[in-house]
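Residue numbering begins at 1 within each chain, and the chains themselves are lettered A, B and C in the order written.
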Amino acid sequence: MKKELRLTVNGQPYELYVKPKTLLVEALRKHLGLTGTKRGCESSSCGACTVILNGMAVKSCSILALQADGAKVFTIEGLADGEKLHPLQRAFLDYGAYQCGFCTAGMLASAKALLDEKAKPTEQQIRECIDGNICRCTGYNSIIRAITAVVNGEYKEEK
Amino acid sequence: MLIEGKFTLKAPIQKVWNSLLDPVTLASCIPGTEKMEVIDDKTYESVVKQKVGPISVKLKFTTTLTEVEPPRYIKAVGRGADITKAGTFTQETKVNLTEFPNDEVEVSYSSNVSLVGRLATFGERIMRAKAKSVGEEFTKNLQEKLKSGPAG
Amino acid sequence: MIKDFEYFAPKTLKEALTLLDKYRDECKIIAGGQSLLILMRQRLVTPEYLIDIKGISELNYITSNAKKGLKIGALATHRAIEKSPAMKNGFSVLGEMERRLASVQTRNWGTIGGNICHGDPAGDPVPVLIALRSTLKMANLKDERTMPVEDFTLDYFETALEPNELLTEIQVPLPSPHTGAAYTKFNIIESDVATVGVAVSLTLGSGSGICEDVRIVLGASAPTPMRAKKAEGVLHGKKITDNLLREAGVVASTEAEPISDIAASAEYRRELVRVLVARVGKEALARAKQA
(Lines give C-alpha, C1' and ligand atoms only; values in the text may rest on other atoms or scores of the structure.)
Protein backbone atom coordinates (compact mmCIF):
# COMPACT_ATOMS: atom_id res chain seq x y z
CA MET A 1 0.00 0.00 0.00
CA LYS A 2 2.75 2.47 0.90
CA LYS A 3 4.82 3.89 -1.88
CA GLU A 4 8.35 5.19 -2.00
CA LEU A 5 8.83 8.94 -2.03
CA ARG A 6 12.21 10.57 -2.62
CA LEU A 7 12.53 14.28 -2.27
CA THR A 8 14.96 16.96 -1.20
CA VAL A 9 13.84 19.32 1.54
CA ASN A 10 15.94 22.38 2.35
CA GLY A 11 18.85 20.79 0.55
CA GLN A 12 18.60 17.50 2.43
CA PRO A 13 17.60 14.32 0.54
CA TYR A 14 14.97 12.08 2.12
CA GLU A 15 13.48 8.71 1.36
CA LEU A 16 10.02 8.07 2.78
CA TYR A 17 7.34 5.43 2.55
CA VAL A 18 3.90 7.00 2.51
CA LYS A 19 0.33 5.98 1.87
CA PRO A 20 -0.81 7.51 -1.43
CA LYS A 21 -3.43 9.59 0.39
CA THR A 22 -0.72 11.45 2.33
CA LEU A 23 -0.68 15.17 1.62
CA LEU A 24 2.63 16.96 1.16
CA VAL A 25 1.96 19.01 4.31
CA GLU A 26 1.49 15.78 6.26
CA ALA A 27 4.71 14.31 4.90
CA LEU A 28 6.61 17.46 5.91
CA ARG A 29 5.06 17.85 9.36
CA LYS A 30 4.53 14.27 10.50
CA HIS A 31 7.06 12.23 8.60
CA LEU A 32 9.90 14.77 8.61
CA GLY A 33 9.06 16.69 11.78
CA LEU A 34 9.18 20.01 9.93
CA THR A 35 6.30 21.62 11.77
CA GLY A 36 7.05 25.21 10.76
CA THR A 37 4.58 24.85 7.89
CA LYS A 38 1.03 25.06 9.24
CA ARG A 39 -2.40 23.70 8.36
CA GLY A 40 -4.87 26.52 8.80
CA CYS A 41 -8.11 25.86 7.03
CA GLU A 42 -8.85 22.43 5.48
CA SER A 43 -10.38 24.28 2.50
CA SER A 44 -7.26 25.27 0.51
CA SER A 45 -7.96 28.93 1.17
CA CYS A 46 -5.56 30.23 3.83
CA GLY A 47 -2.07 29.55 2.45
CA ALA A 48 -0.51 28.89 5.85
CA CYS A 49 0.77 25.64 4.34
CA THR A 50 2.64 27.36 1.50
CA VAL A 51 6.06 25.89 0.66
CA ILE A 52 8.28 26.26 -2.39
CA LEU A 53 8.36 23.24 -4.70
CA ASN A 54 10.81 23.30 -7.63
CA GLY A 55 10.93 27.08 -7.31
CA MET A 56 7.14 27.56 -7.24
CA ALA A 57 5.05 28.61 -4.25
CA VAL A 58 2.41 25.90 -3.70
CA LYS A 59 -0.14 25.01 -1.04
CA SER A 60 1.25 21.84 0.45
CA CYS A 61 -2.20 20.87 1.80
CA SER A 62 -3.44 20.64 -1.77
CA ILE A 63 -0.74 18.40 -3.18
CA LEU A 64 -0.36 14.68 -2.68
CA ALA A 65 3.06 13.92 -1.22
CA LEU A 66 3.72 11.44 -4.04
CA GLN A 67 3.36 14.27 -6.55
CA ALA A 68 6.49 15.77 -4.98
CA ASP A 69 8.53 12.70 -5.88
CA GLY A 70 11.91 13.84 -7.16
CA ALA A 71 11.20 17.44 -6.22
CA LYS A 72 13.23 20.08 -4.40
CA VAL A 73 11.16 21.51 -1.59
CA PHE A 74 11.88 24.54 0.52
CA THR A 75 10.16 25.12 3.87
CA ILE A 76 10.51 27.84 6.50
CA GLU A 77 13.09 25.74 8.33
CA GLY A 78 15.40 26.33 5.39
CA LEU A 79 15.25 30.11 5.42
CA ALA A 80 17.71 31.02 8.14
CA ASP A 81 21.37 30.09 7.70
CA GLY A 82 22.02 28.50 11.06
CA GLU A 83 21.74 31.37 13.54
CA LYS A 84 21.83 33.98 10.81
CA LEU A 85 18.33 35.16 9.85
CA HIS A 86 17.36 35.69 6.24
CA PRO A 87 16.75 39.34 5.23
CA LEU A 88 13.03 38.58 4.93
CA GLN A 89 12.97 37.29 8.51
CA ARG A 90 14.82 40.34 9.80
CA ALA A 91 12.45 42.63 7.91
CA PHE A 92 9.41 40.80 9.29
CA LEU A 93 10.79 41.29 12.81
CA ASP A 94 11.58 44.96 12.28
CA TYR A 95 8.33 45.86 10.56
CA GLY A 96 5.98 43.95 12.89
CA ALA A 97 4.90 41.77 9.99
CA TYR A 98 3.57 39.03 12.28
CA GLN A 99 1.61 38.81 15.52
CA CYS A 100 0.37 35.31 16.21
CA GLY A 101 2.78 33.97 13.61
CA PHE A 102 0.45 31.34 12.21
CA CYS A 103 0.43 32.66 8.64
CA THR A 104 4.08 33.67 8.76
CA ALA A 105 5.78 30.56 7.43
CA GLY A 106 3.45 30.62 4.43
CA MET A 107 3.92 34.37 3.93
CA LEU A 108 7.69 34.03 3.94
CA ALA A 109 7.54 31.14 1.49
CA SER A 110 5.38 33.17 -0.91
CA ALA A 111 7.64 36.19 -0.51
CA LYS A 112 10.80 34.18 -1.05
CA ALA A 113 9.33 32.52 -4.13
CA LEU A 114 8.63 35.97 -5.57
CA LEU A 115 12.08 37.36 -4.80
CA ASP A 116 13.78 34.26 -6.18
CA GLU A 117 11.91 34.87 -9.43
CA LYS A 118 12.13 38.64 -9.51
CA ALA A 119 14.62 40.73 -7.56
CA LYS A 120 12.73 44.02 -7.94
CA PRO A 121 8.98 43.36 -7.99
CA THR A 122 6.56 46.27 -8.02
CA GLU A 123 4.26 46.87 -5.07
CA GLN A 124 1.39 45.41 -7.10
CA GLN A 125 3.41 42.27 -7.69
CA ILE A 126 4.23 42.01 -3.99
CA ARG A 127 0.54 42.32 -3.15
CA GLU A 128 -0.34 39.70 -5.73
CA CYS A 129 2.24 37.25 -4.46
CA ILE A 130 0.57 37.09 -1.04
CA ASP A 131 -2.94 36.98 -2.56
CA GLY A 132 -3.20 33.37 -1.47
CA ASN A 133 -2.02 33.93 2.11
CA ILE A 134 -4.57 35.03 4.65
CA CYS A 135 -3.56 36.92 7.81
CA ARG A 136 -5.99 37.53 10.66
CA CYS A 137 -3.74 39.76 12.74
CA THR A 138 -1.64 42.30 10.89
CA GLY A 139 -3.92 43.80 8.25
CA TYR A 140 -1.23 42.91 5.67
CA ASN A 141 0.34 46.37 5.37
CA SER A 142 3.25 45.60 7.70
CA ILE A 143 3.90 42.46 5.66
CA ILE A 144 3.96 44.48 2.44
CA ARG A 145 6.28 47.02 4.06
CA ALA A 146 8.64 44.31 5.24
CA ILE A 147 8.88 42.69 1.82
CA THR A 148 9.26 46.10 0.17
CA ALA A 149 12.10 46.94 2.54
CA VAL A 150 13.98 43.85 1.45
CA VAL A 151 13.31 44.67 -2.22
CA ASN A 152 14.62 48.19 -1.62
CA GLY A 153 17.91 46.80 -0.34
CA GLU A 154 17.51 47.70 3.35
CA TYR A 155 18.79 44.27 4.31
CA LYS A 156 21.67 43.87 1.89
CA GLU A 157 23.49 40.77 3.08
CA GLU A 158 26.89 41.63 4.43
CA LYS A 159 29.60 39.40 3.08
CA MET B 1 -32.57 26.74 0.32
CA LEU B 2 -36.00 27.42 -1.04
CA ILE B 3 -37.31 25.09 -3.70
CA GLU B 4 -40.64 26.09 -5.22
CA GLY B 5 -42.87 25.10 -8.07
CA LYS B 6 -46.39 25.19 -9.33
CA PHE B 7 -48.55 23.79 -12.13
CA THR B 8 -52.16 23.40 -13.15
CA LEU B 9 -54.04 20.13 -13.57
CA LYS B 10 -57.37 19.32 -15.12
CA ALA B 11 -58.90 17.14 -12.42
CA PRO B 12 -61.46 17.41 -9.63
CA ILE B 13 -59.85 18.91 -6.55
CA GLN B 14 -60.97 16.01 -4.34
CA LYS B 15 -59.17 13.54 -6.61
CA VAL B 16 -55.95 15.54 -6.49
CA TRP B 17 -56.30 15.90 -2.75
CA ASN B 18 -56.67 12.16 -2.22
CA SER B 19 -53.47 11.58 -4.19
CA LEU B 20 -51.56 14.12 -2.16
CA LEU B 21 -52.77 12.77 1.15
CA ASP B 22 -51.01 9.50 0.46
CA PRO B 23 -47.47 10.17 1.79
CA VAL B 24 -46.15 7.85 -0.89
CA THR B 25 -47.04 10.48 -3.48
CA LEU B 26 -44.86 13.28 -2.20
CA ALA B 27 -41.98 11.02 -1.23
CA SER B 28 -41.93 9.07 -4.48
CA CYS B 29 -41.74 12.25 -6.57
CA ILE B 30 -38.38 13.17 -5.13
CA PRO B 31 -35.86 12.54 -7.91
CA GLY B 32 -33.56 9.63 -7.19
CA THR B 33 -35.88 7.84 -4.74
CA GLU B 34 -34.58 4.30 -4.43
CA LYS B 35 -36.53 2.84 -1.57
CA MET B 36 -39.66 3.73 0.37
CA GLU B 37 -41.16 2.28 3.51
CA VAL B 38 -44.54 3.11 5.03
CA ILE B 39 -44.46 3.69 8.76
CA ASP B 40 -48.08 4.79 9.20
CA ASP B 41 -50.67 6.68 7.19
CA LYS B 42 -48.83 9.94 7.72
CA THR B 43 -45.20 8.87 7.85
CA TYR B 44 -42.76 7.52 5.33
CA GLU B 45 -39.08 6.60 5.21
CA SER B 46 -37.13 7.00 1.98
CA VAL B 47 -33.68 6.51 0.57
CA VAL B 48 -32.70 8.93 -2.17
CA LYS B 49 -29.59 8.68 -4.31
CA GLN B 50 -28.35 11.70 -6.22
CA LYS B 51 -25.19 12.69 -8.04
CA VAL B 52 -23.98 16.21 -8.61
CA GLY B 53 -20.87 16.19 -10.71
CA PRO B 54 -18.25 14.31 -8.72
CA ILE B 55 -20.29 14.17 -5.49
CA SER B 56 -22.65 11.27 -4.86
CA VAL B 57 -25.09 11.39 -1.96
CA LYS B 58 -27.32 8.72 -0.49
CA LEU B 59 -29.86 10.33 1.82
CA LYS B 60 -31.97 8.43 4.28
CA PHE B 61 -34.87 10.44 5.68
CA THR B 62 -38.35 10.44 7.16
CA THR B 63 -41.28 12.48 5.88
CA THR B 64 -44.34 13.21 8.04
CA LEU B 65 -47.55 14.98 7.09
CA THR B 66 -48.05 17.31 10.03
CA GLU B 67 -50.85 19.62 8.93
CA VAL B 68 -53.74 18.45 6.82
CA GLU B 69 -56.55 20.84 5.85
CA PRO B 70 -58.71 19.13 3.28
CA PRO B 71 -58.85 19.76 0.43
CA ARG B 72 -56.54 22.76 0.17
CA TYR B 73 -53.39 22.52 2.26
CA ILE B 74 -50.78 20.00 3.35
CA LYS B 75 -47.65 20.57 5.35
CA ALA B 76 -44.97 17.92 5.45
CA VAL B 77 -41.77 17.94 7.45
CA GLY B 78 -38.76 15.72 7.12
CA ARG B 79 -35.35 15.11 8.51
CA GLY B 80 -32.57 12.94 7.32
CA ALA B 81 -28.90 12.44 6.75
CA ASP B 82 -26.41 11.34 4.19
CA ILE B 83 -25.49 7.71 4.79
CA THR B 84 -21.80 8.57 5.13
CA LYS B 85 -22.62 11.38 7.56
CA ALA B 86 -21.41 14.02 5.10
CA GLY B 87 -24.45 16.11 5.97
CA THR B 88 -27.81 16.21 7.68
CA PHE B 89 -30.86 18.09 6.58
CA THR B 90 -34.32 19.14 7.58
CA GLN B 91 -37.12 20.22 5.32
CA GLU B 92 -40.51 21.83 5.60
CA THR B 93 -42.82 21.64 2.58
CA LYS B 94 -46.14 23.36 2.13
CA VAL B 95 -48.49 22.34 -0.65
CA ASN B 96 -51.48 24.45 -1.65
CA LEU B 97 -54.37 23.44 -3.87
CA THR B 98 -56.46 26.15 -5.48
CA GLU B 99 -59.63 25.40 -7.37
CA PHE B 100 -60.29 27.10 -10.70
CA PRO B 101 -63.32 26.94 -12.96
CA ASN B 102 -63.53 24.18 -15.58
CA ASP B 103 -62.33 21.47 -13.22
CA GLU B 104 -58.83 22.93 -12.99
CA VAL B 105 -56.65 22.77 -9.94
CA GLU B 106 -53.48 24.73 -9.33
CA VAL B 107 -50.93 22.85 -7.24
CA SER B 108 -48.20 24.97 -5.72
CA TYR B 109 -45.50 23.89 -3.29
CA SER B 110 -42.76 25.58 -1.36
CA SER B 111 -40.00 23.57 0.24
CA ASN B 112 -37.55 25.00 2.74
CA VAL B 113 -34.51 22.74 2.91
CA SER B 114 -31.75 23.26 5.41
CA LEU B 115 -28.49 21.40 4.92
CA VAL B 116 -25.76 21.16 7.55
CA GLY B 117 -22.40 19.46 7.58
CA ARG B 118 -19.49 18.94 5.19
CA LEU B 119 -21.89 18.74 2.24
CA ALA B 120 -23.13 22.19 3.08
CA THR B 121 -19.76 23.81 3.85
CA PHE B 122 -17.67 22.36 1.06
CA GLY B 123 -20.37 21.33 -1.34
CA GLU B 124 -22.51 24.46 -0.88
CA ARG B 125 -22.07 25.80 -4.36
CA ILE B 126 -22.58 22.41 -5.91
CA MET B 127 -25.60 21.45 -3.77
CA ARG B 128 -27.33 24.78 -4.12
CA ALA B 129 -26.95 24.79 -7.85
CA LYS B 130 -28.40 21.31 -8.06
CA ALA B 131 -31.34 22.23 -5.82
CA LYS B 132 -32.91 24.24 -8.62
CA SER B 133 -32.92 21.34 -11.09
CA VAL B 134 -34.08 18.91 -8.39
CA GLY B 135 -37.02 21.25 -7.82
CA GLU B 136 -37.86 21.25 -11.50
CA GLU B 137 -37.75 17.48 -11.69
CA PHE B 138 -39.85 17.15 -8.54
CA THR B 139 -42.48 19.47 -10.05
CA LYS B 140 -42.56 17.39 -13.20
CA ASN B 141 -42.86 14.12 -11.27
CA LEU B 142 -45.62 15.47 -9.04
CA GLN B 143 -47.53 16.67 -12.06
CA GLU B 144 -47.29 13.25 -13.71
CA LYS B 145 -48.26 11.44 -10.53
CA LEU B 146 -51.31 13.59 -9.83
CA LYS B 147 -52.48 13.32 -13.43
CA SER B 148 -52.61 9.55 -13.19
CA GLY B 149 -54.65 9.63 -10.00
CA PRO B 150 -54.40 8.33 -6.44
CA ALA B 151 -52.16 5.38 -5.66
CA GLY B 152 -53.95 2.03 -5.66
CA MET C 1 -9.36 12.29 6.39
CA ILE C 2 -8.93 11.20 2.80
CA LYS C 3 -10.17 7.67 2.22
CA ASP C 4 -7.46 5.22 1.12
CA PHE C 5 -7.16 4.59 -2.58
CA GLU C 6 -4.98 2.68 -4.97
CA TYR C 7 -2.61 5.01 -6.76
CA PHE C 8 -1.19 4.97 -10.26
CA ALA C 9 1.19 7.49 -11.78
CA PRO C 10 1.40 6.78 -15.52
CA LYS C 11 4.12 8.63 -17.38
CA THR C 12 2.61 8.42 -20.87
CA LEU C 13 -0.79 9.20 -22.32
CA LYS C 14 -1.15 5.62 -23.53
CA GLU C 15 -0.52 4.22 -20.04
CA ALA C 16 -3.07 6.62 -18.57
CA LEU C 17 -5.71 5.77 -21.17
CA THR C 18 -5.14 2.05 -20.61
CA LEU C 19 -5.75 2.47 -16.89
CA LEU C 20 -8.75 4.68 -17.52
CA ASP C 21 -10.19 2.16 -19.93
CA LYS C 22 -9.90 -0.47 -17.22
CA TYR C 23 -11.32 1.45 -14.26
CA ARG C 24 -13.68 4.00 -15.88
CA ASP C 25 -16.27 5.10 -13.29
CA GLU C 26 -14.37 3.49 -10.42
CA CYS C 27 -11.46 5.87 -10.70
CA LYS C 28 -10.80 9.59 -10.64
CA ILE C 29 -8.15 11.42 -12.59
CA ILE C 30 -5.92 13.82 -10.66
CA ALA C 31 -3.79 16.42 -12.39
CA GLY C 32 -3.04 19.45 -10.19
CA GLY C 33 -5.75 18.35 -7.77
CA GLN C 34 -6.56 21.95 -6.83
CA SER C 35 -10.29 21.27 -7.13
CA LEU C 36 -10.38 17.52 -6.52
CA LEU C 37 -8.36 17.39 -3.29
CA ILE C 38 -10.69 19.83 -1.54
CA LEU C 39 -13.53 17.37 -2.13
CA MET C 40 -11.44 14.29 -1.34
CA ARG C 41 -10.19 15.74 1.96
CA GLN C 42 -13.81 16.09 3.04
CA ARG C 43 -14.70 12.59 1.82
CA LEU C 44 -17.26 14.07 -0.57
CA VAL C 45 -15.45 12.24 -3.35
CA THR C 46 -13.99 8.84 -2.46
CA PRO C 47 -12.52 7.07 -5.49
CA GLU C 48 -11.12 3.59 -5.07
CA TYR C 49 -8.50 4.22 -7.72
CA LEU C 50 -6.66 7.45 -8.39
CA ILE C 51 -4.82 7.97 -11.65
CA ASP C 52 -2.26 10.74 -11.29
CA ILE C 53 -1.55 12.22 -14.72
CA LYS C 54 0.47 15.22 -13.48
CA GLY C 55 3.70 13.59 -14.65
CA ILE C 56 2.66 13.07 -18.28
CA SER C 57 5.01 15.57 -19.87
CA GLU C 58 3.68 14.97 -23.38
CA LEU C 59 0.48 16.78 -22.33
CA ASN C 60 2.29 19.79 -20.91
CA TYR C 61 3.00 22.38 -23.61
CA ILE C 62 1.99 25.73 -25.04
CA THR C 63 2.71 26.15 -28.74
CA SER C 64 1.92 29.01 -31.00
CA ASN C 65 1.64 28.94 -34.77
CA ALA C 66 1.40 32.10 -36.84
CA LYS C 67 -1.41 30.66 -38.93
CA LYS C 68 -3.10 28.08 -36.73
CA GLY C 69 -3.11 29.83 -33.39
CA LEU C 70 -2.47 28.23 -30.01
CA LYS C 71 -2.29 24.63 -29.00
CA ILE C 72 -2.28 24.22 -25.23
CA GLY C 73 -1.69 20.83 -23.65
CA ALA C 74 -4.29 19.91 -21.02
CA LEU C 75 -1.59 19.75 -18.33
CA ALA C 76 -0.28 23.26 -18.93
CA THR C 77 -0.47 25.03 -15.59
CA HIS C 78 -2.40 28.26 -15.19
CA ARG C 79 0.85 29.98 -14.22
CA ALA C 80 2.63 28.80 -17.36
CA ILE C 81 -0.18 30.19 -19.50
CA GLU C 82 -0.21 33.42 -17.48
CA LYS C 83 3.50 33.93 -18.07
CA SER C 84 3.66 32.61 -21.62
CA PRO C 85 4.98 35.02 -24.27
CA ALA C 86 2.38 33.51 -26.62
CA MET C 87 -0.38 35.30 -24.67
CA LYS C 88 -0.13 38.50 -26.64
CA ASN C 89 -2.25 40.45 -29.10
CA GLY C 90 -5.48 38.54 -29.67
CA PHE C 91 -4.54 36.01 -26.98
CA SER C 92 -3.66 38.49 -24.27
CA VAL C 93 -7.14 38.00 -22.76
CA LEU C 94 -6.08 34.42 -21.86
CA GLY C 95 -3.05 35.63 -19.90
CA GLU C 96 -5.17 38.29 -18.20
CA MET C 97 -7.80 35.74 -17.21
CA GLU C 98 -5.16 33.41 -15.78
CA ARG C 99 -3.60 36.24 -13.79
CA ARG C 100 -6.86 36.66 -11.86
CA LEU C 101 -7.51 32.97 -11.43
CA ALA C 102 -7.33 31.95 -7.75
CA SER C 103 -3.91 32.71 -6.27
CA VAL C 104 -0.30 32.18 -7.29
CA GLN C 105 -0.01 28.90 -5.40
CA THR C 106 -3.05 27.39 -7.12
CA ARG C 107 -1.91 28.61 -10.52
CA ASN C 108 1.52 27.10 -10.04
CA TRP C 109 0.17 23.57 -9.67
CA GLY C 110 -3.37 23.55 -11.12
CA THR C 111 -3.84 22.79 -14.82
CA ILE C 112 -6.14 24.31 -17.40
CA GLY C 113 -7.36 20.85 -18.40
CA GLY C 114 -8.28 20.02 -14.84
CA ASN C 115 -10.17 23.27 -14.54
CA ILE C 116 -12.15 22.66 -17.72
CA CYS C 117 -12.99 19.07 -16.79
CA HIS C 118 -14.26 20.12 -13.35
CA GLY C 119 -17.23 21.69 -15.13
CA ASP C 120 -17.63 24.59 -12.71
CA PRO C 121 -19.92 27.23 -14.25
CA ALA C 122 -18.01 29.84 -12.23
CA GLY C 123 -14.66 28.84 -13.71
CA ASP C 124 -12.65 31.52 -15.51
CA PRO C 125 -11.06 29.71 -18.48
CA VAL C 126 -14.15 28.29 -20.19
CA PRO C 127 -16.00 31.58 -20.84
CA VAL C 128 -12.83 33.07 -22.33
CA LEU C 129 -12.15 29.98 -24.44
CA ILE C 130 -15.72 30.07 -25.74
CA ALA C 131 -15.34 33.74 -26.63
CA LEU C 132 -12.17 32.81 -28.55
CA ARG C 133 -13.97 30.02 -30.42
CA SER C 134 -11.71 27.35 -28.97
CA THR C 135 -12.01 23.62 -29.47
CA LEU C 136 -11.07 20.73 -27.22
CA LYS C 137 -9.37 17.50 -28.13
CA MET C 138 -10.06 14.37 -26.10
CA ALA C 139 -8.82 10.83 -26.51
CA ASN C 140 -9.60 7.32 -25.43
CA LEU C 141 -7.50 4.24 -26.04
CA LYS C 142 -8.70 3.80 -29.62
CA ASP C 143 -9.73 7.18 -30.86
CA GLU C 144 -9.69 10.88 -30.48
CA ARG C 145 -12.27 13.58 -31.16
CA THR C 146 -12.66 17.33 -30.99
CA MET C 147 -15.56 19.51 -29.97
CA PRO C 148 -16.19 23.21 -29.47
CA VAL C 149 -15.59 24.26 -25.85
CA GLU C 150 -19.11 25.67 -25.93
CA ASP C 151 -20.58 22.16 -26.05
CA PHE C 152 -18.34 20.64 -23.40
CA THR C 153 -19.98 21.66 -20.12
CA LEU C 154 -23.38 19.96 -19.89
CA ASP C 155 -24.60 20.83 -16.40
CA TYR C 156 -23.29 21.83 -12.99
CA PHE C 157 -19.96 20.02 -12.66
CA GLU C 158 -20.82 17.67 -15.51
CA THR C 159 -19.01 17.54 -18.83
CA ALA C 160 -19.22 15.65 -22.10
CA LEU C 161 -16.07 13.70 -21.24
CA GLU C 162 -16.75 9.96 -21.39
CA PRO C 163 -15.59 7.74 -18.50
CA ASN C 164 -12.75 6.34 -20.62
CA GLU C 165 -11.60 9.66 -22.08
CA LEU C 166 -8.95 12.19 -21.20
CA LEU C 167 -8.91 15.80 -22.29
CA THR C 168 -5.61 16.21 -24.15
CA GLU C 169 -5.48 19.60 -25.84
CA ILE C 170 -7.09 23.03 -26.09
CA GLN C 171 -6.97 24.65 -29.53
CA VAL C 172 -7.40 28.41 -29.82
CA PRO C 173 -7.62 29.63 -33.42
CA LEU C 174 -6.06 32.86 -34.60
CA PRO C 175 -8.66 35.60 -34.16
CA SER C 176 -9.92 37.27 -37.35
CA PRO C 177 -8.55 40.71 -38.15
CA HIS C 178 -10.15 43.58 -36.20
CA THR C 179 -11.14 41.31 -33.32
CA GLY C 180 -10.85 42.34 -29.70
CA ALA C 181 -11.53 40.15 -26.67
CA ALA C 182 -11.65 40.95 -22.98
CA TYR C 183 -12.66 39.29 -19.71
CA THR C 184 -13.41 40.37 -16.22
CA LYS C 185 -15.00 38.94 -13.15
CA PHE C 186 -16.49 40.33 -9.99
CA ASN C 187 -15.46 38.50 -6.86
CA ILE C 188 -15.83 39.17 -3.17
CA ILE C 189 -12.09 39.25 -2.52
CA GLU C 190 -9.18 38.88 -4.91
CA SER C 191 -8.19 35.26 -5.54
CA ASP C 192 -11.82 34.23 -4.97
CA VAL C 193 -14.00 32.41 -7.47
CA ALA C 194 -16.12 34.57 -9.79
CA THR C 195 -19.42 35.82 -8.42
CA VAL C 196 -20.10 36.67 -12.06
CA GLY C 197 -17.66 36.49 -14.99
CA VAL C 198 -18.06 38.03 -18.44
CA ALA C 199 -16.02 37.40 -21.59
CA VAL C 200 -16.69 39.33 -24.81
CA SER C 201 -15.17 38.98 -28.27
CA LEU C 202 -16.03 41.53 -30.98
CA THR C 203 -15.07 41.47 -34.65
CA LEU C 204 -15.49 44.66 -36.66
CA GLY C 205 -15.79 44.88 -40.43
CA SER C 206 -12.63 46.40 -41.83
CA GLY C 207 -13.34 50.05 -42.55
CA SER C 208 -17.07 49.79 -41.83
CA GLY C 209 -16.78 49.60 -38.07
CA ILE C 210 -19.87 47.40 -38.10
CA CYS C 211 -19.91 44.48 -35.70
CA GLU C 212 -19.58 41.42 -37.91
CA ASP C 213 -19.23 38.88 -35.18
CA VAL C 214 -19.75 38.89 -31.45
CA ARG C 215 -19.65 36.50 -28.55
CA ILE C 216 -20.84 37.40 -25.07
CA VAL C 217 -20.16 34.61 -22.58
CA LEU C 218 -21.33 34.62 -18.97
CA GLY C 219 -19.72 32.70 -16.13
CA ALA C 220 -21.37 31.88 -12.78
CA SER C 221 -24.70 33.01 -14.22
CA ALA C 222 -26.28 29.71 -15.25
CA PRO C 223 -25.80 25.94 -14.80
CA THR C 224 -23.00 26.12 -17.37
CA PRO C 225 -20.95 28.93 -18.88
CA MET C 226 -23.47 30.40 -21.29
CA ARG C 227 -23.50 32.54 -24.38
CA ALA C 228 -25.93 35.42 -24.04
CA LYS C 229 -27.17 35.03 -27.62
CA LYS C 230 -29.99 37.57 -27.40
CA ALA C 231 -27.51 40.15 -26.12
CA GLU C 232 -25.19 39.21 -28.97
CA GLY C 233 -28.11 39.86 -31.34
CA VAL C 234 -28.34 43.42 -30.03
CA LEU C 235 -24.81 44.14 -31.23
CA HIS C 236 -24.54 41.98 -34.31
CA GLY C 237 -24.57 43.85 -37.62
CA LYS C 238 -24.61 47.25 -35.97
CA LYS C 239 -22.19 50.05 -35.27
CA ILE C 240 -21.47 49.70 -31.59
CA THR C 241 -22.14 52.64 -29.32
CA ASP C 242 -22.14 53.02 -25.56
CA ASN C 243 -25.95 52.97 -25.61
CA LEU C 244 -25.99 49.75 -27.59
CA LEU C 245 -23.56 48.17 -25.15
CA ARG C 246 -25.79 49.19 -22.26
CA GLU C 247 -28.76 47.65 -24.05
CA ALA C 248 -26.80 44.44 -24.58
CA GLY C 249 -26.07 44.42 -20.87
CA VAL C 250 -29.75 44.72 -20.01
CA VAL C 251 -30.70 41.93 -22.40
CA ALA C 252 -27.91 39.67 -21.10
CA SER C 253 -29.11 40.19 -17.53
CA THR C 254 -32.55 38.84 -18.50
CA GLU C 255 -31.03 35.86 -20.32
CA ALA C 256 -28.90 34.80 -17.37
CA GLU C 257 -30.20 32.10 -15.00
CA PRO C 258 -28.23 32.76 -11.83
CA ILE C 259 -28.83 31.23 -8.43
CA SER C 260 -28.64 32.85 -5.00
CA ASP C 261 -25.91 31.60 -2.73
CA ILE C 262 -23.57 32.75 -0.03
CA ALA C 263 -21.73 35.11 -2.37
CA ALA C 264 -24.66 36.97 -3.91
CA SER C 265 -28.38 36.86 -4.59
CA ALA C 266 -29.67 35.98 -8.04
CA GLU C 267 -30.86 39.57 -8.45
CA TYR C 268 -27.42 40.94 -7.65
CA ARG C 269 -25.85 38.53 -10.12
CA ARG C 270 -28.22 39.79 -12.81
CA GLU C 271 -27.18 43.32 -11.95
CA LEU C 272 -23.52 42.34 -12.24
CA VAL C 273 -24.19 40.81 -15.65
CA ARG C 274 -25.90 44.00 -16.78
CA VAL C 275 -22.99 46.19 -15.77
CA LEU C 276 -20.09 43.92 -16.70
CA VAL C 277 -21.35 43.03 -20.19
CA ALA C 278 -21.37 46.74 -21.08
CA ARG C 279 -18.00 47.32 -19.43
CA VAL C 280 -16.22 44.32 -20.96
CA GLY C 281 -17.90 44.97 -24.30
CA LYS C 282 -16.42 48.45 -24.31
CA GLU C 283 -12.94 47.09 -23.63
CA ALA C 284 -13.33 44.48 -26.36
CA LEU C 285 -14.43 47.19 -28.78
CA ALA C 286 -11.38 49.32 -28.01
CA ARG C 287 -9.13 46.30 -28.63
CA ALA C 288 -10.95 45.44 -31.86
CA LYS C 289 -10.34 48.96 -33.15
CA GLN C 290 -6.63 48.61 -32.43
CA ALA C 291 -6.28 45.08 -33.78
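By definition in this document, contacts are C-beta pairs under 8 Å (C-beta built on N, C-alpha and C of every residue); 3 or more make two chains touch, one makes a residue touch a chain.
On a predicted model such as this, the values are computed, not experimentally measured, just so you know.
Q: Compared with subunit A, which chain's mean CA position is the farthest off?
A: B
Q: Name the two chains that are joined by the greatest number of C-beta pairs in contact.
A: A-C
Q: Mean of the CA atoms for each chain, then the mean for all of them together: which chain is nearest?
A: C
Q: Taking each chain's centre as its mean C-alpha position, how far apart are subunit B and subunit C in Å?
A: 35
Q: Per the centroid of Cα atoms for each chain, what is the distance between subunit A and subunit B, given in Å?
A: One centre to the other, that is 50 Å.
Q: Quick check: how many Å separate the C-alpha centres of subunit A and subunit C?
A: Subunit A and subunit C have C-alpha centres separated by 30 Å.
Q: Could you list which residues of subunit C touch at least two other chains?
A: Residues 38, 42.
Q: Would you give the residues of subunit A that are in contact with at least 2 other chains, written as numbers and ranges?
A: Each of 43 in subunit A touches at least two other chains.
Q: Could you tell me which residues belong to subunit B and also touch two or more other chains?
A: 121-122
Q: Would you tell me which residues of subunit C are touching subunit A in their complex?
A: 2-7, 9, 30, 33-34, 37-38, 41-42, 50, 52, 54, 79, 102-106, 108-109, 190-191
Q: Note which residues of subunit C are touching subunit B in the complex, please.
A: So the residues of subunit C in touch with subunit B come to 28, 36, 38-39, 42-45, 118-119, 121-122, 155-158, 193, 223, 259-262.
Q: Contact residues on subunit A for subunit C in the complex?
A: 1, 3, 19-21, 23, 42-44, 47, 50, 53, 56-59, 61-64, 66-67, 69, 110, 113, 128-129, 131-133
Q: Any idea which subunit B residues touch subunit C in the complex?
A: Touch residues, subunit B against subunit C: 52-55, 84, 86, 118-119, 121-126, 128-133.
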